[in-house]
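Same chain, two partners: subunit A is paired with subunit B first, then with subunit C.
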Partner chain A sequence: MENVLSILFSLSLFYVSVTSRVKGYVAVLRFQGLILSVLVLLPFLKNFSIFGIILPITLLLVKVILIPSYINKIILDLDIKRVIEPTIQQIVFLLLVIATMIVIFISSSVIAQSTELNVIPFASGFSAIAIGIYIIIFRKKLIVHVCGFLVLENGIFLFGTAVASELPMMIELGVLLDVFVVVFLMGIALNKIRSTFEGFEVTDLGRLKD
Partner chain B sequence: MDILQGIISVLIILGFAPLFIGLVNKQKAKLTGRIGAPILQPYYELQRLFKKETINANTSSFISRFSPLLNFVSLITAAAMLPVGFWKPLISFNGDIILFAYILGLSRFFQILAAMDIGSSFEGMGAAREATFALFAEPIFFFTIGSISFISGYTSLFDIYHSIQLDNISYEVFIVICSISVFMLAVTECSRMPVDDPNTHLELTMIHEVMILDNSGLDLFLYQYSSYIKLFIYTILEISFFYPFSQQSYLVGILIFVFGSLVLSLALAVVETITSRYKMKNIPQYLLFATAIGILNLLIYTFTK
Partner chain C sequence: MLGFSVLILLPLLTALFCYLIKNLRVQYSISVFVGFLHLTLTFIVFLGLYHIQLPTFFSFDSLSKLFLLILSNVYFWVVLVSNTYLKRHVTSKAQEGKKYYFLLLNFYLASNSAAMLSDHFGMYWVTVEMTTLSVAPLIYYYRNEEALEAMWKYLFVVSVGIAFAFIGILFLTLSANGTSLQGKQLFFWEFIRSAKELNPIWLKASFIFIFVGLSTKIGIAPMHSGDIDATSNAPSPIAALMSGSLRLTALIGVMRIFEIIIPTSSYEFARTILIIGGLLSLFTAFVFMFKVNNYKRMLAYSSVEHLGLITLGIATGGIAFVGAMYHAIYNAITKIVLFLSAGNIHSKFKTREVEKVKNVMNILPKTGWLFLLAFLAISGIPPFGIFFSEIKIFEGIFFLDNPLLLAFVMIFLLFIFINMGKIFFMMLYKKEENETTTTQFEGFDIIHLVSILLLIILVAIAVSSPDVIYQNILNVAKDFGITLK
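On to the complex of A and B.
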């Protein structure tokens, strides 16, 4: 079941690398959040405990509801154009993503021979980290950078579940809080930039002077 | 007995292909709030075309004369390789997935040649587009069916579908992923909505339809009929993933065939209603997405065994 969810996660990564709408990114974030919460919920189905249910519910709340709707709100409030502006062609980006995933899958299967780990979640999480970085590198819009950062964060989460089956709960909750604060700050920062500059593109920020 | 069943499967495909397209068009019309043509409309159109006179352009050579027939025959051959219901197809041997792909390739090749043969600039443009998108569509087939073939260890379509076991959960994932990319393949090869609009008649935006613009009468009949058969072939390719072959039941196989066709026609209609045609430059990206799914499938299989 873990493998199935990780494969769906990888499919959403492909989607995120071809879509040209900011809405698509937000939808993918919601989808990935849902997958991660189901993934965390799975071990607790066998031995149910009230304490164990807190993490999935928090994940669901933060990753599926709070962050995506907050990003949507920023898009609406600041009237950001709905298309992403890539710096390279989408098809080149997709080819890059495919090549990266091939390398990651091969290397993680090599790693799996010497250590005990779950190959598919590991490789999917790893790919998400790489693709999140690519999104940050190859897109111009700041709001898309936030989405790329969140994809990266989802990747780290999946990666974590593959390496250690159970992280201490406080750490995982801490990670979530961290992300939420970052997104929140980013919203505030975007608002501040709005009051100084007109656009929301990284290229504009190159002209900052004191 | 096997031969009889194979012949019946081919006849089923030939007979019901226009009905399927009629069903898709009717549902699409309903979803967009129109009454729409009757479900049997494709049959009437074929009948009308059959009665008309065939006229060829003065500039055309022998290629335009035999290309429609070759197209039709090669599609029937491809249809003879697919299992309908639980029945063994007429042509089935080890490695027939390659033959299946290349028979379809042959029909496309001659269609492109015939379009260029007529000498109209619009048809040349359509041929160029068809060739480009076919180039991107071919890897989808080989990566998808190829990965399923790897997993099952067989190289014949019937054996591959026969070996599908739905009790293994990772097998189900492969099936779901493969059916997504086969759906995208079907949409591309049969020039349906996100790639090509079958209803448009503006030469600049057409892909498949522009290639048969100068054909008439029996030639057009053969082209139209083969395009209907092609859509039905890809439908069967998709439905076959969901056969409960492990149960070995004829009745269940046929029920799933009927039910699967209905569901798939609805899916096509819904997709065509909610999406608009992509820009030409975005189509390769769409096709590469389906290929990426196939590659992912192969990767997952190879490195988790």
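On to the complex of A and C.
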């Protein structure tokens, strides 16, 4: 089951690398959040505990509802153009993504021979980390950078479940809260950037240089 | 419980209080009081007069005692001068920033204390991310374009960096696979105790990710860019806070993972990485000092230089490690004086460009003298402390039997000194052609008083070299497997 979900997660990464709409990114974030919530819900189904449900519910609330809606709201409020404006061609980007994922999947299965881990969630998580960074590097719009950062965070989360050790729930919740506040602050900053620079692109930020 | 309440809960509650009470004077008074309590308790704990119990995920050791004292000290002086600073004229847009100033400052104190006291990697990560969140809005205090850009870059670069550190923490869990630590919690002390069992490959990967990730916050080259922008555009008290304490909060994480690595076979590897990082930071400061034309940026690069030197000292070990710990204390104190004086100059001249600031010695005589003294202190001129700590670091590198490394460090420091000196003397003494040389009157305020006190403390610590600090640093060194006679 975990493997199926991880594969779905990886497929969403392909979608994110071909779509040219900002909305597409938000939809992917919602989808990934949902997968992660189901993933943490699975062990809870096997042995029921009242505390076990807190994390999946918070995850669902933060990653599926709050953050995507907040990003949608920013897009609407700021009237951002709905295309992402890449710096390289989409097809090149897709090829890059595929090449990276092949390398990551193969090296993960090599690693798994010596270390005990779930190959598919591990590799999917790592791919998401890499692709999150690609998104930040190869896209111009700042709001898309925020989405890239969130893809990266989702990747880390999936990766964390693959590594099989459990962090205490208090800390998992702390991590979620931190990510949410970071996105919230970035949203406020974007609002100000819009009113100060009249733009949302990374090229608008060039004042601070030596 | 008393310790935990005063060190972490009280600042949090004060932050809440500052949200509810809008009066700046009241906010200021209570923040100073909380800062004072924090400093007092930290000092008592540091002296070993009182032993406090902390809840799970938090504990005291020699390293956190030392760094907490540095943080508490920097914070107290910064909050003390904040009121004078807030009274200065700013644009009407920036008025809004004052409302949240003390709230964020208290939040900063709480999250930094929590980060320094945490003994669990997960908790450390959460609290370090919180320190970023507390300081990012403070960078945007002036509400202008540069500040906005600096805040965005800092928030983004550091968040991504800290996400990398999280990957490093997950690698650390992987390294525990198949050992007695498997399935256990990520407590520092448990990992240090069973360090030899850990899988070396994952441990190395973990070290690289944590070091590179936290470098964005420490300001180690080549990840220093966000930090430089933030430090140079934040208001001066915040810049002092960042240079003096926030960088150490991130450094403590790197030191924890280094402490785990020391008894293992990966030690040489980690040490080489730290030396490269330190040397690269010195090199970056060396290069940029040639062309920097903004005096706050210059001070930010100076922070990169000194944190690089501290990293180098930690990596070298032996007497250099002791030097590095002293250096952290002295650098923090000196940076407060430097940034506060720079703030005075900024508020008089309304610019951060070096060329437009002239004749400070006559226009702002008191600030000018303090700025000059702080420059001498940061450049390692005796009797100021940095001279002694740098000598210790050099001595350690010298005994490393690597004369080339020492030569590079010396050359970088020499040129940084020359270039910084050039900028300082241009600002302080250069005059317009037909400018009068009469010294103008400058009122004496709390910023001058604090600067003088701090310079006195700096010299006093260096000259008297209190045994309690030395013993504590020796204890830290012992934790890192370093024994000195």
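Side notes on the structure shown:
By our rule, the second predicted complex is superposed on the first by the 205 of 210 C-alpha atoms of A that agree within 3 Å, B and C clash if a C-alpha of one lies under 4 Å from a C-alpha of the other, contacts with A are read in each partner's own complex, and residues count from 1 in each chain.
Keep in mind that, in the parts below, a contact is a pair of C-beta atoms (placed from the backbone, for glycine too) under 8 Å apart; a residue touches a chain by one contact, two chains touch by 3 or more.
Computed from a predicted model, the values in this text were never measured in an experiment.
After superposition onto subunit A, the modelled positions of subunit B and subunit C are compatible, with room for both. Shared-chain residue A:115: touches subunit C; no touch with subunit B.
By the touch criterion defined above, A:10 reaches subunit B but does not reach subunit C. Of the two partner chains, subunit B is the only one touched by A:97; subunit C is not. In the superposition on chain A, A:57 contacts neither subunit B nor subunit C. Judged by the touch definition given at the top, the superposed model places A:189 against subunit C, while subunit B stays out of reach. Using the contact criterion defined above for the overlaid structures, shared-chain residue A:152 touches subunit C, although it does not reach subunit B. Shared-chain residue A:137: touches no atom of subunit B or subunit C.
With chain A as the common frame, subunit A serves as the apex of an angle whose CA-centre rays point to subunit B and subunit C; its value is 160 degrees, to a multiple of 10. Once the two complexes are overlaid on the shared chain, A:83 sits clear of subunit B and of subunit C alike. Taking every C-alpha atom of subunit B against every C-alpha atom of subunit C, the smallest gap after superposition is 19 Å.
Chain contact summary for the complex, subunit C toward subunit A: residues 120, 122-123, 125-126, 129-130, 132-133, 136-137, 140, 145-146, 148-153, 155-156, 159-160, 163, 166-167, 170, 173-174, 176-178, 182-183, 185-186, 199, 202, 229, 232-233, 288, 291-292, 297. By the touch rule above, subunit A contacts subunit C in their complex via residues 115-117, 129, 133, 136, 142, 145, 149, 152-153, 156, 159-160, 163-165, 167-168, 171, 174-175, 178, 181-182, 185-186, 189, 192-193, 196-197, 205, 207-208, 210.
Touching subunit B in their complex are the following residues of subunit A: 1, 3-4, 7, 10-11, 14-15, 18, 90-91, 94-95, 97-98, 101-102, 105-106, 108-109, 112, 119-120, 123. The residues of subunit B lying in touch with subunit A in their complex are 169-170, 172-173, 177, 180, 282, 284-286, 288-289, 292-293, 295-296, 299-300, 302-304.
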